[in-house]
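Consider the two complexes below, in which chain A is the common component and chain B and chain C are the respective partners.
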Partner chain A sequence: MRLLVLLWSLGPLLWQLRTSMLRPEALVAPLLEGNPWTLANYQLVLSGDPPFWRYLGNSTLVGLATTVLTLLLAVPCAYGLHKERGPVRWGVGLALVAAAMFPTVLLFLALLEIARSFGLANNLLSLSLPYTALSLPLAVLLLRAAFADLPGELEDAARLEGLKLGQRLKHVLLPLLGPGLASTAILVFLASWNEYAIALTWISRNDLLTLPIAIARLGGGSVFTIPYGAFAAATVLGSLPLLLLVLLAQRSIVSGLTRGAVKG
Partner chain B sequence: MSPSAGAGLELRQLCREVGDRRLLDQLDLHVAPGECVALLGPSGCGKSTTLRLVAGLDPASGGQVLLDGVDLSDQDPGERQVAMVFQSYALYPHLSVAGNLELGLKVRGMAPRERQRRIEATLELLQLGELRQRRPAQLSGGQRQRVALARALLRQPRIVLLDEPMSNLDAQLREELRPELRRLLCGHEQPVIYVTHDQQEAVGMADRIALLDAGRLQQVGSPRELSTNPANRFVASFLGRPAINLLAMEPGRQLGLRPEHLDLGDDGAVAARLLRREWWGHQQLLWLDTPWGTLRVLTAPEVPTPREPRLSWQRQHELWFDPQSGARLRP
Partner chain C sequence: MSTRTSSLLLMLPALLLLAAVFLYPLLRYSWLSLHASSVLTGLVPVPNGGANWGRLLDDARFWTEAGQTLRFALCSVALELVGGLALALLLNRPLRGRGPLRALTLLPWALPTTVMALGWRWILNDPHGPLNAALRSLGGSSYGFLSTPATTWFFVVLADVWKTMPFVALLLLAGLQTIPADLEEALRLEGANRLQILRRLTLPLLVPYISLAVLFRLAQALGVFDLIQVLTGGGPAGSTESLALYAYLNAMRFLDFGYASTVMLATFLLLLVSLGGGWLLLRRAGLERTSERPA
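Here is the complex of A and B:
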């Protein structure tokens, strides 16, 4: 049973890995002769101009800027909301849920206009602005739940010892918020890493493309050939940094996610 | 300083309301320097609310908190030099024992050498030296409580507040720790307020007991005073185990008689029938059926029970109450 679940979740990834290492002919029909395995797809992806690592770098930069900016804004918001009682808390909470569920598609045209009139297009750091705006509601809600999980007497004790708000956050609350912070950070980073539509409309310069756009632009020999192998190879390469990130933060993420799950 | 100001902690007409709920209603209480007053009462009676108001953690809706005649109302919790031991101990889980003690001193800018000296002295005092590198999760309940105490005493507080500090410990440990707590906390310069719902603990720890119910102070006095001369029915029935017998013997008057004040014999005012007998080791508790309901009687175990027992008591032990208001009726 465990094996089945494992296969179910890992199957598509393994298939992707297989596809990335097969010769194009082997994809459609089993080869009768010769070795079907090849690294040509990877060579193709890596030899592009600008080189593939450039796109990885772009996506990482946008992802990090988005994550840092989101957390910087979300932590004080979440703390304030956690401390607030009464109708304000209720109203803001409702507005956040509504904002988190708002369909992004409806924002494109407006965002494009904003990018044009403020000259924000073709700039990776400014791309992290709409990403932050989109991630913020969910991040605030997650962090508020994390704050609510901390025992209130801890902060009372710190207040009695003379710790000011900033000191309480730095020495007591944030260190204990670790798992919640890590899981929120990963979710925000992932959302930015995978985002397609806004990146497509805000970035046009070839050397500034983020990963999803760059992968989509990998062309075949003609309009009629789709380079499945190259797509797969690019996807595999693009997943590696995420894999590394998740592995590094694994323990805190798991406890953070389940914590949020048990107590919303 | 106002002319009536005395030394120690004084609560004047202290109130706390949340929405339309009145958690604490005009509490007046004075705690002398070095005195330990227990705030006793059922849960939700306002005792923890009182502590939080004295500490400044919640704002008062009315009234004043004075220390040596100075009004503390405008001071932050951090400025009041109040030490508080919480029910959950509230130790910082990510810091070691030494780290827990050090944080407060560090943020107040004490020099590292002085910090170290104070921490070592306090660890010594509470016999925590060997545990200084442990995290709270690696400590037993009793050890955690000692660390919480150490953290409270370290800052040389002007007021000591304890919020059910022993309710997470087992009964045996509680009794062992009581004298140690008294030695460490009481009889110095600081006034001490000790919150508990356990009357044994209150009697064991405190010089005086303040009994609260539904946000109102019922009576303040020594344990002996409260039990021999209760102000009303609530005080009489909250203190003393087994609980006092209440008999509606006359219209408009209710008689309270403590189980230990009832005598069993062949001649007495009230005929009774034995229902049940509980052995308590040094005493026995008898449940007796009488014309005024079931009564509890506490006697020495060797006292024989007659076939048709009759109950008697001494006049001086009678406590009369108003059946409606519960107020004490004095002859």
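Here is the complex of A and C:
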């Protein structure tokens, strides 16, 4: 049973790995002689113009900027929502859920207009603005749940000690929020790393493409001319950072999503 | 400053950004959908009454694709739900190596859609992909998985299920973890078998989680874009084109922003109606389940 599940989940990825290490001729028909295995596909991808690691760097930069910005906005918002009572709490909560479900692609045209009129296109840091907005709903809902888990007496005690709101957040609440912050950060980073529709329309300069767009562009030609080996190498290289992240942060991701589901 | 005003102030920056990114586009599309704004008008919006909406009503491509998108979303969500439930039940059992197993099953969901879409394009390749190689070694002949208009949509569903099932499984796993083990134990002592426990205890208690997963995934699937753009480009013969892809083409290829806005708004309305319908159905199913439950 476990084996079957693993085969289903990893099979397509392992096939990519295999494809990435085969010589192009070996993809079409079994080689009659010679060694079918090669690393040439990786060399091809890494020596491209711009080299492949550039896209990894771009995606990482956008991901980090988005994560920082999202947390900066989401922590106060989640705290405010946690404290809020009555129709505002209800209304904001509902709006956040609605925004979290909204399909991103439907936003791209209006956002592209904004990007053009404010000169935000072709800039990785400005790309993190819409990304932050896309991540905020889930981040606020997760962090509100995390705030709700903290014992209320703790903050009351800090207030009685004369600590102001900013101090209470910084010295008392945030240190306790660690796990919630970590899982939120990882989910935000993943979402921004994988976003497609907005990056596709905001970024046109070749050296600024994020990874998903770069990979889609590689595959944009006709089916017959696609050097699948090279693309497989690109997808393997593009998957490795995520594989590491998921393996290292599995517990955080699972607890983040499950808490979001329980409380959100 | 009172607590109330300060909590509003704390929320303000985030809410402003959200309004700019979610609310403004909807208002802008509403306005643009009442204007002609295309190459013909020099990309300057000119009011044209309801001409865009009239065109939409007569646009066979739009309505065909509305059907295709709905079919894709319903099949995809249904399969994900069944598969995701099975996966969640497995991952909830005390297995050896459960942590790594959870991480590895989560991997398809964590990868960029375009990466896995290219992967599937190769797997489904005719004739060099592994699926066709397997077909041939079983004595069959190669099949045009991505070039047969009647069936290609199903393989797009398959790729989508592969990618998003782990997410559904994780949400349901969250629900399973809230079910106290002694409830299950009590039913077992009464002589209930695993299927009965699933029907009488697990599923009724999972209804809120199932609803959440279904509504969330339905919304995402109705807006499907990147998977289809990379895997099939909408083909063969437009048989897998989704509404979101059509809206994108109207804007970026035909440079018809007025009509693209109309298609986006119409897609959004269709999504609202579908979600509303789904919600009502789930509510009714939930009520029936609760009333069925043994006291």
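Definition applied: the second predicted complex is superposed on the first by the 225 of 264 C-alpha atoms of A that agree within 3 Å, B and C clash if a C-alpha of one lies under 4 Å from a C-alpha of the other, contacts with A are read in each partner's own complex, and residues count from 1 in each chain.
Definition applied: a residue touches a chain if its C-beta (ideal position, glycine included) is under 8 Å from a C-beta of that chain, and two chains touch if they have at least 3 such contacts.
Since the structure is predicted, the reported quantities are computational estimates derived from the model, not experimental observations.
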Touched chain A residues, chain B compared with chain C = C
Contacts of A:140 with chain B and chain C, given as first, second, both or neither = second
With the two structures laid over each other on chain A, which partner does A:10 touch: chain B (first), chain C (second), both, or neither?
-> second
Please give the residue numbers of chain A that touch chain B in the complex, ascending.
-> 151, 153-154, 156-164, 167, 171-172, 175-176
Sort out for me which residues of chain C touch chain A in the complex.
-> 3-4, 6-11, 13-15, 17-18, 20-22, 24-25, 28-29, 87, 90, 95, 97, 99-108, 110-123, 125, 128, 130, 162, 166-167, 170-171, 173-175, 177-178, 209, 212, 215-216, 219-220, 222-226, 229-230, 244, 247-248, 251-252, 257, 260-261, 264, 267-268, 271, 275
Listed in rising order, the residues of chain B that touch chain A in the complex are 52, 55, 57, 76-80, 82-84, 86-88, 90, 92-94, 103-104, 107-108, 151, 155
Residue numbers on chain A that touch chain C, as the complex places them | 1-2, 5-6, 8-10, 12-13, 15-16, 19, 27-28, 73-74, 76-77, 79-81, 83-84, 88, 92, 95-96, 99-111, 113-114, 129-130, 132-134, 136-137, 140, 165, 190, 193-194, 196-197, 201, 211-213, 215-216, 218-219, 223, 228, 231-232, 235, 238-239, 242-243, 245-247, 250-251, 253-254, 257-259, 261-262
